[in-house]
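Read from first to last, the chains carry the letters A, B, C and D; within each, the first residue is number 1.
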Amino acid sequence: MSIHQTSFVLSVEDLTVSFDGFKAVDGLTFYVEPNECRVMIGPNGAGKTTVLDLICGRTRATSGSVRFKDQELLSMREDQIVLAGVGRKFQTPSVYEDLSVFENLELSFPRGHGVFGSLFFRRDAEVKDRIQEIAETIFLADLLDEKAAFLSHGQKQWLEIGMLLIQDPELLMLDEPVAGMSVAERKKTAELLNRIIDHRSVIVIEHDMGFVEDIATRVTVLHQGKTLSEGKMDKVKNDPKVIEVYLGH
Amino acid sequence: MTDFSKPKTPGMSRRAVLAGGAALTASLFAPRGLRAQDFPTAAVNTTGLAVTDSTVTIGILHSVTGTMAISETGSVQAEKLAIEQINAMGGVLGRKIQFIQEDGASDWPTFAEKARKLLVNDKVASVMGCWTSASRKAVLPVFEQHNGMLYYPTFYEGLEQSPNVIYTGQEATQQIIAGLDWVNQTKGAKSFYLLGSDYIWPRTSNKIARKHIENFMEGCEVVGEEYYPLGHTQFNSVINKIKLRKPDVIYAIVVGGSNVAFYKQLKAAGIDPTKESPIVLTISVTEDEIRGIGGENIEGSYACMKYFQSLDNPNNIEFVKAFKEMWGADMVIGDVTQAAYLGPWLWKAAVEAAGSFDIDKVREASPGIELPTAPEGYVKIHENHHLWSKTRVGRARMDGQYDVVFETADLVEPNPFPEGYQ
Amino acid sequence: MQIDRKTRFLTREEAIYFGLLAAVIFLILPLALDSFRLNLFGKYLTYAFVAIGLVLCWGAGGILSLGQGVFFGLGGYAMAMFLKLEASTPEATAIQSTPGIPDFMDWNQITALPWWWEPFNSLAFSLIAVVIVPVAFAFIIGVAMFRRRVGGVYFAIITQAIAAILTILIIGQQGFTGGVNGITDLRTLKGWDIRTDEAKEILYFVNAVLLFACLFAAQYVRRSKLGRLLIAMRDQEDRVRFSGYDVASFKIFVFCLGAAFAGIGGAMFTLQVGFMSPTLVGIVPSIEMVIFAAVGGRLSILGAVYGTLLVNWAKTTLSESFPELWLLGLGALFIAVVMFFPNGLAGLWSEQVMPRLRKLFAGRGAGARPPAAPFPANSASAPDSPAAKAAAE
Amino acid sequence: MFAGYSAGELTAIFAMQGFAGLILFSVFVLMALGLAIIFGQMGVINMAHGEFMILGAYVTYLVSHAFADYMPALFSFYFFVAMALAFLASGALGMLVEWGLIRHLYRRPLDTLLATWGLSLILQQIYRSVFGAREVGVTIPDWMMGSLPLTDMIEVPINGLFVMALALGISVAIYLLMFRSRWGQQVRAINQNRVMAGAVGINTERTDRLTFGIGCGIAGVAGSAFTMIGSTGPTSGQLYIVDTFLVVVFGGAGSILGTIASAFTISQAQSVLEFFLSGSMAKVITLLVVVGILMLRPQGLFALKLRK
């Protein structure tokens, strides 16, 4: 174990997954540094979402290694990965529609995650204050007691981001956070994201190039499960390989 | 197609039933034409049973729904026939019998619940009911606690003797031993393959059969014994095993839906019971079951029990006639149906011998009660509440009836706790 | 109608409903019914334990078990084994070839008590076993199934197969279990005759108290964060996982809790009915218990109790007067509940009856909020009127 | 247990035991195919499957009586007519049920389970009211009930051969329907993406109804065939239900081939165990092994690994 490796927050090495012979991700390697915002781009089917699925344990890898700080994530369960400090936001807003905004946030509060911990979980001042604080951040302070089912699409996205914030993960993975939003919502969201990606490492999948340029530290371009190009936005943008498969069509 | 719960042409049947009833009781020792006013209610009913100046209420407790309804329907019909005949000749102690019918729904807790209802709420003077051992075991504590009297019609495993039950079917030794001796002596059978459905009656019966074969029948042996879950429908493997062992006799105690599958597959596998190689001997197939199995599949098998519909005696001819007139010409009558028919008659005889409906007095009067009019021939209640009865072997015919090929010379003594068989 | 953000154990509305049910069970039924009918309702209430467990597992957690009879049976058998040993004194069984062992063992040529029967000589052990044995069994099934993410239909069918296996085993091993007859002829509990009317009345109240204990436990779970997690899991299992929860362990917990309730119900059944048999373990009773919960409302623990009482009362009444109609009625009930009242009596109450009552009594203020979603935070559990009426008759 | 038998006898026994296993296999295939289509292609749990089978058996019973009464000369061949009518009757009832019940519940698979259980109770009671509580005896033509002596010792039951041939025939027919017919194409399309299938002009409602009808119709044919080997009574259908579900689930829902392979595995295991052990234990062990394997491999034996 070299000193060099441990300075990364996330080291993905030679990651491969195959579905009945089809290699959706093929020998992928990349590293994420502390406080880096890594954006993944690539055409549909390039394997972007699958990479996130592999990191957070939703899909089991065929081979390779994913190390988060000093832990091998591939042998851990999803919930263990989350508790280790990896948060994930899904492409479609996924909140608990039958619960209120308050309860949605409460379930993500990082305490009482065991069976008995949750059975004897107390809703004390710390919890309430933190939820209030987060709710204000995500523009939902007035809607705390509303059922999540009655929120608009954008509000649901914010709520989900809020649920991630309250977890306070070291590595945050966002899958198309501004997709399907109105212009006004998108602006608010970008503002929100800019605020929350401070002080932590982030992996974002996004198609909106303006948005990408705005937030990206570095960019990885995926194509057919492999890295096509990697580096600063400017460098990637001018890479002829990238232009051919993705930008220049 | 056929509604089994209502008598056919009730108007017609009344006269026939009357005639049948009269014939049946012609030689009954009990005095005829008892009048209710000779037996004041206060005197014949000191324990608050459902007895009025003109009626007495009893219970009928069988499964009308569920898997056991198949078997228990015949018993209900026989009991209703007996009650109607008794009423037609003046009732019991001058009182007409009324009955309350409850459905056990093939569910043992329901049996217990309904038994309690009949005894506690309805205060019935006796109950005709139950079919499976499990249902009887479930109601037994209820009858003992509330001091009721149950007339239980099924041939069963024995090992029981309750003061609150009269067992009108045969216990296992009565049914089994005579048949085994017969097949050994007249057919020269030496080796036996025991087969049964997996519950207490086949297991206990086979245990008695095995003890008898090994300890009391010289040179005879059991070459196989096994049990299949109730409702099992695939017997090809065991049939192969039987072919491998080549027993002289397949001794089958398969019941219910399994029965049908077993005999059909036996026949199809080339074991034709009519060829008697091996001989198929059963104690679980009455005429009732053959309707489902199909006569062509079981023709030539032997059954060992106390009653067959084809018995040739005047009592039985009258009984079969009355039964068919009440319930339809296509009805068949099996061993248990006949035993169920005895229930009301035995109770009537005991009540009249006791001169009272009180359970304790009826119980006291019961041992020694004779019924010369029984369709199966003369029966008598033993001290142990079972019946002295003859055992017969019948050979199944194509038309679903049995030819009686053997009958014990004397009545066989009931022995629910047989020494040497446990 | 602001949602109360305090995690209160009972809202005022719920407290009223609990009180109503308590009044029905502790006052109205005992006063209105004779000893025989009261015992019957006592028997029904033992099934309600299972129904409450099903509300938690199925309604809240989305886990449909078609094998709850297994746990009911295990609890019942644990109790029955103790009672049977007490009833099998050497004096009472003098007629046997081996006196002092249960009669069915003697019939099966067993000459000594099997080692695993021995501990059931102790009442304390048996009472613990009533809960622990079903829970342990549920735990094994739960770990095997939920850790591998078996759910939904597969889980239902596998639990059904387990019920079938256990039934065949119990029937096949009759020397140790009493076979198809079950364990019968139970008489006394530490010398106290459980067959008398007086004993049955006392047992009814013991049963009722235990039922309320289970109801409170279930209410506590629903009211806790774990309860909200269950709902969250039912709808968005993946999301819960990515909020850092080990979904399987929560399912295992609630499945074990349901098993514990069922075990207690089974033990009370044995005490009140006086025997235990494999017919209560199999597929048919297991599915019937699901329908009790469905009729009451799969989301409401109080509804489950009313549903159980109503269906069983209808079964007894219908089968007394129209045995042929009973199956038709039960079948139609299954279909009707699923098709037209998926939230059962509780749903009828909170969606149909309550809004009208509100309109009737207080025209103002009510109805400001949108209609209650299927599992409202302050869920209205229904003391529904037909059941209450039925129970009172 | 084989001491004292000649090699010839043993060969004969093993050959016949092999046939017994194949017959059981065919029975399982017949039981499970209809369910596999419905469960696998539509995701519907039909707990009344056994009752659809028994409807086929009762139709056979009625047809046998009709032939005996009106066309005794043709009695030997009534069985083929009976099977066709059983298919139509069960299929028609199936389509009716789909229309009245199932189509409202496609989004709630557990609820279809409860509703069809209710349906099975109703059907049982209807059978009981119409045909009586007792089992009915279905007379099978003589030529079908005998056995075919291959050698002195090896005898092959003709009804077993018949069941095997039928299982094969129906499997082939389903395969052709599924992969060579327009209906099969539509069913597979709907199974993969219901919305898309609807969008490209497939009448999903009609296809669903037809699928359910065909599944139930096959159950009816199976029930008709089972009159040769089993009983026909109001509750006989219940005897098959657990086995049937396990076969389908074990095979991996959605895979007809998987169902057939699973039927083969379970039937051979049970048949061999029954030969060497007592019947009850054989059954328990078979079920335990199946449940055990399902716990290890919940997606069944033959499910594909798919990208989520």
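Going forward, contacts are C-beta pairs under 8 Å (C-beta built on N, C-alpha and C of every residue); 3 or more make two chains touch, one makes a residue touch a chain.
This one's a predicted model, so the numbers in the text were calculated from it and none came from an experiment.
Asker: Enumerate, in label order, the chains that touch chain A and chain D alike.
Answerer: A chain counts here if it touches both chain A and chain D, which gives C.
Asker: Looking at every pair of chains, which two share the most C-beta contact pairs?
Answerer: B-D
Asker: Could you state the distance in Å from the CA-based centre of chain A to that of chain C?
Answerer: 43
Asker: What is the distance, in whole Å, between the centres of chain C and chain D, each centre taken as the mean of its C-alpha atoms?
Answerer: Those two chain centres are 34 Å apart.
Asker: Taking the mean of the C-alpha atoms as each chain's centre, how many Å separate chain A from chain B?
Answerer: Roughly 75 Å, centre to centre.
Asker: If you look at chain D, which of its residues touch at least two other chains?
Answerer: Residues 125, 128-129, 280, 283.
Asker: Counting only residues that touch at least two other chains, what does the list for chain C look like?
Answerer: Correct list: 168, 171-172, 324, 327.
Asker: Which positions in chain A are in touch with at least two other chains?
Answerer: Counting only residues that touch two or more other chains, chain A contributes 58.
Asker: Of all residues in chain B, which touch chain C in the complex?
Answerer: My answer: residues 5, 64-65, 102-103, 105, 107-110, 112-113, 116-117, 120-121, 132-134, 137-138, 140-142, 145, 157, 159, 198-200, 203-204, 207, 227, 229-230, 417, 422.
Asker: Can you name the residues of chain B that touch chain D in the complex?
Answerer: Within the complex, chain B touches chain D at residues 1-4, 64-67, 69-70, 73, 198, 226-229, 231-234, 236-241, 243-244, 256-261, 264-265, 267-270, 288, 290-297.
Asker: Report the residues of chain A in contact with chain C in the complex, numbered from low to high.
Answerer: That would be residues 56, 58, 77-80, 82-83, 87-88, 90, 94-100, 102-103, 106-108, 110, 112-115, 118-123, 128, 144-145, 147, 149-150, 163, 167 of chain A.
Asker: Per the contact definition, I'd like the list of chain C residues that touch chain B in the complex.
Answerer: 34-36, 39-40, 43, 95, 97, 103-104, 106-109, 168, 171-172, 174, 179-182, 184-187, 195-196, 269, 273-275, 277, 279-280, 316, 319-320, 323-324, 326-327
Asker: Considering only the defined contacts, which chain C positions touch chain A in the complex?
Answerer: 2-3, 5-7, 221, 224-226, 228-229, 231-232, 235-236, 238-247, 249-250, 253, 370, 373-375, 377
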